[in-house]
Amino acid sequence: MSAPALAVRLGALELPNPILTASGTFGYGLEFAHLSDLGRLGGIVTKGLSLEPLAGNPPPRVAETRGGMLNSIGLQNIGIERFLAEVLPRLERFPARVLVNLFGYEFDDYARLAERVDPYPGIAAVELNVSCPNVRKGGIEFGHDPEVLARLVASVRRATAKPIAVKLSPNSGAPVALAEAAREGGADILSAINTVLGMSIDPWTRRPRLRTNRGGLSGPAIRPIAVRIVFDVARQVGLPVIGIGGIETVDDVVEFLLAGASAVQVGTALFRDPRAAERLVDGLAARLGELGVASVGELVGAVRPWESPK
Amino acid sequence: MIVARDAVARVVEVVPHPLPYFTLVLEVPDVYAEVTAGQFVMLETTGGLEPYLRRAFSVADVSKRGDVVVIELLAKVVGRGTRAMAELGRGTRRALLGPLGRGFDLPEAGPVALVAGGVGSAPLLLASRRLAARGVRFDFFYGGRSAADLPRRDDFARAAQAAGGRLVVATEDGSEGFRGRVTEALAAELDAGRAYRATYSCGPMPMLAALARLSAERGMPGEAALETEMGCGFGACLGCAVPHVSGRFALCCQDGPVFRLDEVRW
Amino acid sequence: MSAPALAVRLGALELPNPILTASGTFGYGLEFAHLSDLGRLGGIVTKGLSLEPLAGNPPPRVAETRGGMLNSIGLQNIGIERFLAEVLPRLERFPARVLVNLFGYEFDDYARLAERVDPYPGIAAVELNVSCPNVRKGGIEFGHDPEVLARLVASVRRATAKPIAVKLSPNSGAPVALAEAAREGGADILSAINTVLGMSIDPWTRRPRLRTNRGGLSGPAIRPIAVRIVFDVARQVGLPVIGIGGIETVDDVVEFLLAGASAVQVGTALFRDPRAAERLVDGLAARLGELGVASVGELVGAVRPWESPK
Amino acid sequence: MIVARDAVARVVEVVPHPLPYFTLVLEVPDVYAEVTAGQFVMLETTGGLEPYLRRAFSVADVSKRGDVVVIELLAKVVGRGTRAMAELGRGTRRALLGPLGRGFDLPEAGPVALVAGGVGSAPLLLASRRLAARGVRFDFFYGGRSAADLPRRDDFARAAQAAGGRLVVATEDGSEGFRGRVTEALAAELDAGRAYRATYSCGPMPMLAALARLSAERGMPGEAALETEMGCGFGACLGCAVPHVSGRFALCCQDGPVFRLDEVRW
């Protein structure tokens, strides 16, 4: 048997393999250049970018919890202009597909950001963060109202020809409805999931462990939530899905593929092991061999759900 | 500067001082021989998955044992990760990322003051070695809640003496040395006419904030190694924000952990 | 200082201490009688009870995940009549407060159940499960529509004079709105949270690990989600709250109290250690001493939230 | 019946057979001397929190070593919990709940057949001991994928011989004994004219289902120890449902783990 095919295609987005790094967990990619071979990854999703640079939230911004962590980075970023001028040219030296994660405060910010990145061939796709629970001012929670979300995505659709991924929130209670709205608006891909709203309090100081009180929970703890949402969305919405949430091992990657994801993003696990994503590329290739499967595509959505008991 | 690498370190030994304080001695790649005082490592504390994230520790000392480079981490058991570290058996292997961050910009001439609060003394042990090697004279101000909170005080005393200086101890409960905070002990020395070209410090945030005030008042520059919560240690998570006088947030793991005292919004 | 006071009061419900056992994780209480001293607990919440006995879901029904577990018991229970006739008299021999957890398929089931238990002095309160994700037929998801929930609670209010606790779902996206609806309907207490909808797939067999495909996630993994919901609900709704979700240590108990809970329920941790709840009673007494706090009440809601950064 | 208790067991030793199969020997409270074959324990596999839940294991043997009662667990490394068990060091203490559930209702007279699939042999080792003690003759049918999947086969052979019976091995790959499934080996013996009053079995569900069919066809009663996922092991979580002919679900941990073959909806 020839080497199993790792390449995947999500609509118009082609990736050499299905292992990407999740937004906000891989910096702008360059932070890892001396620690991991970026060129071996399926792709890199940048830290969320906004029109203007953003200072982010005051510390403390991260806290470990059982099987995961909370964060309230507050979307600190260098802004789209500095990214395009300073970071992208350096990133382009690595043969890695770059997806830009975009977020705005105003409805129009998203289209403006998309328009701005549209001319750059070094950007393979845009991912819209409409679901980050950390920024409270303005309406970052565009991701919780299907009608608004559909219009938002449509406005981005008009602004760029690049594949659009919409990143779903697990906090809405109705991920499928939101995913459908994203599809109506013209999204090509669904990314699921962003962090889960959580909180932790130090029992001695009585202070919330994050300066913003609440924050986003990520890591293995949320994996079953993510798998459930990927499963629901993949079956019911009919767009390719990127699975995200607590991925650390090849078993986890396979689990998300089976649930219906065509690719995955690795997040928090990178903090524990900067080479986690790269290792998963090797591990997945080996696993396909063990499974006697010729391509990643054979696993996508290949879960065998139980029928309803009579 | 050395490029950080992710390697596997071998445990040489764990020395209790006594607990909760201990020194963990690790066999590491040769690059560590060039580590700057104030730089740190991210250590996998258990082989298992709980706790999940690595933990940050200053490099407290570096030396050669035979052919191999070993580093020392001086740490305190405060939670799950440090508890696991204190129980590491000889020969155990653990992932180790480092050396990370920017260390102290140590001077060529003294006298200077090193100011430590509790286990914050860790990076200042290496700073002591480096200063001694350059023949820079320093006094070592070592503060803690009580005499039990001054791990390896004798090592610090010897290092200071070797450089022509001395160890000044301050305890909040008065169980040893000056009764009060270490910054008060330093202020007392200054009031008594002693002068330092600069301070190099590490310890709890309130201590460093007090030192920054003193430093501003007396026109004596200084650098401090800061501790923040860290998700990654290498600039990926943006979790380690330090309020900077520029109005932005600096990253403790990349822009620091050593900052000039007048750079930080305390 | 005298021994710290562990007793708490949630509206009309008085408990000797704030440590209860969570519904579905302590059987009917009797299962633990030889393993733990029931009389030392703040109270016992029974397995969910319905009008008729229920066989539950086919296996597999439980699967461990990172920091937690998934279950799809499907509300197997002996039915309210057998409970009242056979179990309650035996439970009454232990000096433990008994709360009955009730659920129905039809709107009216809840009031009928409440009416049925109302005459029994051995029952200290009712807890309404309007949020269990495991039973799909009928409208168990009464807990996701504020308007329906308010009417449902009002119907129960008319049926019993006992304190009514309403158990909130973390899956709705709007726990505060639901909690307010429960209050409008006449609830005395809010229990938060029930399990989080999740899924796990065996990468080798390609089968979901639960026979129902999806199930409820519990255990330490969900603790930050639960703390966040307790915090939000306690501040915004003004009813006493029972905190539930991943509690295992005294630190966790204190965390929930600080977040605003007046009592807590221990669930999954009991599977790991049948004496977990009893140990927490001792541990909490000791901790109050260490904290120099005279009563549990001093901790309730005593979190010191950070102000919004300017 | 003994009332289960939650105790702390001390690890005496871990014997590899070789891995992935191993026997874990534990020092336990005296009540275990009265354990019934087929009963099980819930063992805390690590001192840490990952995995979280305890794991279920049949008591494979019980004996006295000097003054103390020890039990043996015969297990296979299949995941995180069993991996941790295989690495337990002598003297380590682990929480142990048991003995739990209903065991086999072993007969006073033979001949009977014990039927094991792989590590499902565990509870049948204790059953062998009890039968041998009563002088009940039995043959031991031991099936596995290959010869490597018959841990402690010599112990079973000796036990059967001591009771006047013999060990019949079946391997799917034909690497030893009968080539095929263990139930096929049993059927072949029956076809060859051998008769058993009953079977006592443990192994994978498909094997037990096949045995139940055989048992019904040949009018030969039997009992099987079942394995299901378990949350608690003592009736609290209702996780261990076994489809029962009554139409309801029985609990493996309380109503079982041993069931009559004709009680279960396979």
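Structure notes:
Every chain is named by a letter (A, B, C and D) in the order it is written, and numbering of its residues begins at 1.
Here is the rule we use: a contact is a pair of C-beta atoms (placed from the backbone, for glycine too) under 8 Å apart; a residue touches a chain by one contact, two chains touch by 3 or more.
Source: prediction; values computed, not measured.
Common neighbours of chain B and chain D (chains touching each): not present.
Most remote chain with respect to chain C, judged by CA-atom centres, is B. Chain geometry summary: the mean Cα position of chain A and that of chain C are 33 Å apart.
Note on chain placement: the centre of chain B and the centre of chain C lie 46 Å apart, centres being C-alpha means. Computed from the mean C-alpha positions, the centre of chain C lies at a distance of 36 Å from the centre of chain D. Under the contact definition stated at the top, the residues of chain A that touch 2 or more other chains are 57-58, 66-68, 220. The set of chain D residues that touch two or more partner chains comprises 49-50. Taken pairwise by the contact criterion, the protein chains form one closed cycle in which every chain touches exactly two others.
The list of touching chain pairs reads A-B, A-C, B-D, C-D. If you check the complex, the residues on chain D that touch chain C are 3-6, 44, 49-54, 95, 97, 228-232, 234-243, 247-249.
Within the complex formed with chain B, the chain A residues making contact are 24-27, 31-32, 34-35, 47, 55-64, 66-69, 71, 73, 76, 219-220, 268, 270-275. Residues of chain D that touch chain B in their complex: 46, 48-50.
Across the complex, chain C meets chain A through its residues 57-58, 65-68, 70, 136, 144, 171-174, 196-201, 203, 205-208, 210-214, 217, 220-225, 227-228, 231, 246, 250-251, 254-255, 258-259, 302-306, 308-309.
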